[in-house]
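Heads up, the next two complexes both have subunit A, just with different partners, subunit B and then subunit C.
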Partner chain A sequence: MTTLTKQPDSGLSTVGGSRKSRKRGKSGAGFRAMGDLKIALFFIAPAMIGFVLFYVVPTIRGIYLSFTEYSILGDPEWIGIKNYEQIAKDPLFWNALGVTLEYVVINIVLQTALALGLALLMHRVAKSTLVRGALLLPYLMANVIAALLWFWMLDYQIGIVNQLIEWFGLPRVAFFGSEEWAIPTQALINTWRHMGYTALLIFAGLQAIPASVYEAASIDGSKAASTFWRITLPLLRPVLVLVLVVTVIGSFQVFDTVAVTTQGGPVNATRVLQYYIYQRAFAQQDFGYGSALAVILFLILAIVAFIQMKFLRGSQSDLD
Partner chain B sequence: MTTVSSPNATTRRRPFQKNRPFQKNRPSNGKRPFNWRRATARILLGLAIAVSVLPFYWVLRTALSTNGSLAANSASLLPADFNLGAFERVFGLQSASDAIAEGGSGASINFWQYLLNSLLFSSITTAGAVFFSSMAAYAFARLRWKGRDGVFSLFLGTMLVPPIFTALPNFLLIKNFGLLNTMLGLVLPYLFMTPFAIFFMRQFFLNMSREVEEAAMLDGAKHFRIFFQIVMPNAAAPIATLALLTFMGQWNEYFWPLLVGSSEESRVLTVGLGVFKSQSPQGAPDWSGLMAATLVSAIPVLILFAIFGKKIINSIGFNGTK
Partner chain C sequence: MKKKALGAVAVAAVAAIALAACGSGGGSSADSGKGEISYWLWDANQLPAYQQCADDFHKANPDITVKITQTGWDDYWGKITNGMASGTAPDVFTDHLSKYPDFIKTKQLVPLDDAVANDKIDLTQYNPGLADLWVGQDGKRYGLPKDWDTVALFYNKKMASDAGITPEQMASLTWNPQDGGTYEKAIAHLTVDKNGKRGDEPGFDKNNVAVYGLGLPGSDAENAGQTQWSFLSATTGWTTTDKTPWGSHFNYDDKRVQDTIAWWAGLAQKGYMPKLETTVGANAADSFGAGKAAINSHGDWMIGQYTSYKGVDVGIAPTPKGVNGKNASMTNGLADSIWAGTKKKDASVKWVEYLASAKCQDVVASKGVVFPAIKSSSDTAAAAFKAKGVDVTPFTEHIKNGTTFLLPITDNAAKVAGIMKPAMDAVIAGKSPASSLTAANDQVNALFAK
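Take a look at the complex of A and B:
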């Protein structure tokens, strides 16, 4: 993130700045004095319309609606913080939060560990595009497709996975039908879809570590394991933080796979936050309450992102 | 003349031998213990590839089976009772009675229409977002105006806003416009920009050489001409990558189309798939039909990946710092 703000200044002040000022002096056109503002307005106008109409206004309106009671039919009615008070006492909300957290935690642990392992394997034995392509394939599929594919493969009666489990002499698992398995199953589907993508991100980070670092370590007699813990992992930190942020923020917003397969059930086992918001706002037409829930989800994500960037120093690399 | 095939066979075998990695890497005097590690690594990697790819074969195999024989042959590697009925069902080529006899719901599901809707939705939003975002990115990267960096940070900040948060008010807005269940309503929020597209293109423009632009500028060319005749053609490669990524993302979009597009003219494939699944007849779901539909929905992305695989793979790890 630091390079983001650095680059434009250097680019403009060195080459562009001097040339432009020279030209300004020659032509002396009036509006040049205020920079390229008029032209810039033309160039950003369409994006600005989209930005204001579909990002800024909805953000403000969403916050406003969270303080109202609104069922689409009438007008929103201001009720202060009543929605939030109700949420604090809402067992379904706390259940949704707990279930979502479980999903997030399984995803972080499983996905990051598997992806890190895969990236190291790729770094060692196979860097070919074909291998990377094969691993990336699930990520290119829609969540809906991943969900349906596994809904079939994990079917209790005739799914192939349960056939395999039975061959190993273990009892069949009701992946979608049992309360204790429903969330881990959703997390497994998500891990399957994202594992290769995350591995490629980490792989890119691995390749950025110069070979000289490893050479120095091996000259100093560092063993493979200690090289990994003391050199590879710390140098991967910016990438790992990025992966963590993306995984956590994405996982908190799980919706598609749940909506297509279990729809919140069995009982409340997969009623994750976003699905609960969807149900309150659209199935029960309670837009005020749904908006308040969405504000809370937004706050959670903002805090998570802040903590991760701040305390893990994700934007700084040790390679510089 | 019949023995012609034998010399052919030997010539064909040669390149195959040359490519065997183990032969090449192994020193002539014997094995090093290190090889064991490489072998294990290869096996693990192979396993991961199998887990990533084989499910797609299983979908195909199921789609080519009939529902009646799936239960009895639930583990056979080849299609059980090979048959194209499932695909016919998906594309509405089967009569309702045939469909019900084969385990379908008999309800008509207009996949051609959904396919067309998905294509429209994805291409229109991709074209709009990529074009307008490139324009904005140019203003953020190359033009000098007051408040530029502040506005850019604001734009970038929207990447942090979760889609569900803006989806509720956006739904109301589209409803107020009277555009619910229309293609226009579906497309509108994505049409003008995506924060990622602006970020992506700006990063490219910042690193692009200024020389040609400077020369054109001295010749008196205006920014409009420079942008359309010099900058855009030079940015063809990143624009293609961005368009590809955007298109695939839009193709897979589910939540927004679920809220806004539930008429026949506005229902996209992902939403249609969900409907197909929930229409499954009581008792045994129409697995082969469902898998055929899933496969059909995946095919456009698979084709794009087959053609542009390298471009897509190389775009991963892009975070603007390189």
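Take a look at the complex of A and C:
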């Protein structure tokens, strides 16, 4: 049995003794295993069937389709790695990769920094449930609605934001129309939408840090800034890694904002990977090529997630 | 008990797969001539007219009911294609010249040759050329014509008279790719900046324009410039493809079209037309209605919208006479096609024949929204527009004078649009020279080399 109650550590040192009890009764386990397995399978089955039907099968089929030429009507025709060869030479793919990276960097850096700030404020200052709840409001809005709302507010001709800008005597900004602004604008919109939710996840991580650690720090005379850098941030690492992995994957898959506003334009400025996949597959009926692009996006995400977990040691905590 | 539950889930799963697997196929059965058939169209303005047709058709054929679904253009083709793949496409749908080649290639359309022969459909009742647009490269007929469209200039009458431009002058504009002719002169003169200075006056501030001489809905590359620049480039003798229909080589590397586009893009640089970046998310027709543009070129299916703006007196002028001394207009004709997966083939054939008959096309004509394919119905439509106080001669004269040319009908239309749109956008935005279209053209032609 593991101990359920955790005794406060007596100082900053977290080296401590290993109090994990590894005594596990071996007798009887094998005897009960078979019965457990049946029940376990029964409970796993609904999730498993869904997972196989809607995830494993489509994934395998997608990988298969990426080696074919397929227009959805008719039968797929095996063409080997030709799609991948073309992608390597496809300027639109490399452009899409660049555009997506630009979006991810702006979105993730801002979103994580703002969310961390918000989480600290929630933790220390804003104890009211109303205020904490209000931070989550943008996230409750459907992506498409949020995008359209901002599309309208930031419109060059009739948008309220441009009216304000003009009122201050500055020239109007083509937020969605100019190639320079289109991606930062959309990254900012989604930062606005997601930062409350991200802050909530980080906030949960903050609450898991025992108050005793902070007590000890203040007794030792640690200043607020160094407490943040030396205690809060390191102890928050596993949660931050989780948040980063999830938000980076989500950010790479940006689609709906682009789809309802700029649709890849102006020129190629917002043709993010996910939108390019959609265009090739659904608009141009090139499902083989679209699948190959999707497989590449999948690999990119797998590598990014692996690097994040590995180098930020997301599966380990410094608390024990 | 648990086993049973598991089994039930498994059975349900297998059934779901089996259901998904079937669906395509179909063919005629005993009931193929009666019951409910589905019909799709994209233009909401035309829905009342076709609902009337469907009601009349049901009265004449009580055992067939037509269920009409209207879906906006942006979602229409995706829904149809996905429906064809999953077995839920409509029995009959409004088809477009740029889309049907791909449907033929994938065998999704029912050939109508037997029906036309058996029911003795008179193909000469339609305006010349419209019926044959729907004959595929395999020589089979895949649609019966329902309407046609041409392009003209909508202009704000009050702005024109304030600028001292008479309707007669608007009706006799000229154009060339070097200095833009009187077309550019009129556009420049109709442009007014925030200080009230006109586009052709000294001291005109091109960065603070109140009214643009010419509105801009986009680079229009995905439709081969149908409503924006094709009526100009065509007068230079240039054609989009090597032959029409069924071209397999595009000519965007030609100097004549590049000069036309360069001139057109130049209007934005001169401040006579909005910059492309300012039009993202904007609707050109609404900007015209709001008094922010004096001239918009557009197709006849927009007559209803352009004449509906309160306080705006709209004039319609023919497209300018170009390099060859004549004016020109792209023409496009829609048709109704039957999906190969239909289970109600006989009923669908009946409905398509009814849609292509004078009975239905006269109903459509009387609503004054589009020009039906049948010659006599076209005249009825022109009269209906006239009764509403709209003179549509600038649209109809192209048909009478034979100054129309066809929307390019080719394979790979969606892929061509996917390449040409960003390329054309870059030119109109002033980011690339018109000569950059040559590289895009090479990419397009590579699609046909496979």
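Going forward, the second predicted complex is superposed on the first by the 269 of 320 C-alpha atoms of A that agree within 3 Å, B and C clash if a C-alpha of one lies under 4 Å from a C-alpha of the other, contacts with A are read in each partner's own complex, and residues count from 1 in each chain.
Operating definition for what follows: a residue touches a chain if its C-beta (ideal position, glycine included) is under 8 Å from a C-beta of that chain, and two chains touch if they have at least 3 such contacts.
Owing to the predicted nature of the structure, the values given are computational and were not obtained by experimental measurement.
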item: Touched partner set for A:I219, first subunit B, second subunit C, both or neither; value: neither
item: Subunit B versus subunit C as contact partner of A:L53, first or second or both or neither; value: both
item: Subunit B versus subunit C, judged by how many residues of subunit A each one touches; value: B
item: First, second, both or neither for A:Y156, with subunit B first and subunit C second; value: second
item: Contacts of A:G74 with subunit B and subunit C, given as first, second, both or neither; value: second
item: Touching partner for A:T262 - first (subunit B), second (subunit C), both, neither; value: second
item: Partner chain(s) touched by A:L121 [first = subunit B, second = subunit C, both, neither]; value: first
item: Partner chain(s) touched by A:A283 [first = subunit B, second = subunit C, both, neither]; value: second
item: First, second, both or neither for A:E179, with subunit B first and subunit C second; value: second
item: Shared subunit A surface residues [contacts with subunit B and with subunit C]; value: 42, 46, 49, 53, 72, 151-152, 155, 157, 282
item: Subunit A contact footprint on subunit B (complex, rising order); value: 38, 41-42, 44-45, 48-49, 51-53, 55-56, 58-59, 62, 70-71, 74-75, 132-133, 135-136, 138-146, 148-149, 151, 154-155, 158, 160-166, 168-170, 172-173, 175, 188-189, 191-193, 198, 206, 210, 214, 217-218, 223-224, 227, 248, 251-255, 258-259, 270, 273-274, 277, 287, 290-291, 294, 297-298, 301-302, 305, 309-310, 312-313, 316-317, 319-321
item: Residues of subunit A touching subunit B in the complex; value: 3-5, 7-8, 11-12, 15-17, 19-20, 23, 34-37, 39-40, 42-44, 46-51, 53-55, 57-59, 61-62, 65, 72, 114, 117-118, 121-122, 124-126, 129, 131-138, 140-145, 148-153, 155, 157-160, 163, 192, 195-197, 200-201, 203-205, 242, 249, 252-253, 255-256, 259-260, 274, 277-278, 281-282, 287, 290-291, 294-295, 297-298, 301-302, 305
item: Sites on subunit A touched by subunit C in the complex; value: 38, 41-42, 45-46, 49, 53, 71-74, 151-152, 155-157, 172, 174, 176-179, 261-262, 264-268, 271, 279-280, 282-286
item: Residues of subunit C touching subunit A in the complex; value: 2, 5-6, 9-10, 13, 16, 78, 81-82, 84-85, 102-103, 106-108, 275-282, 287, 292, 414-415, 418, 421-422, 425-426, 429, 431
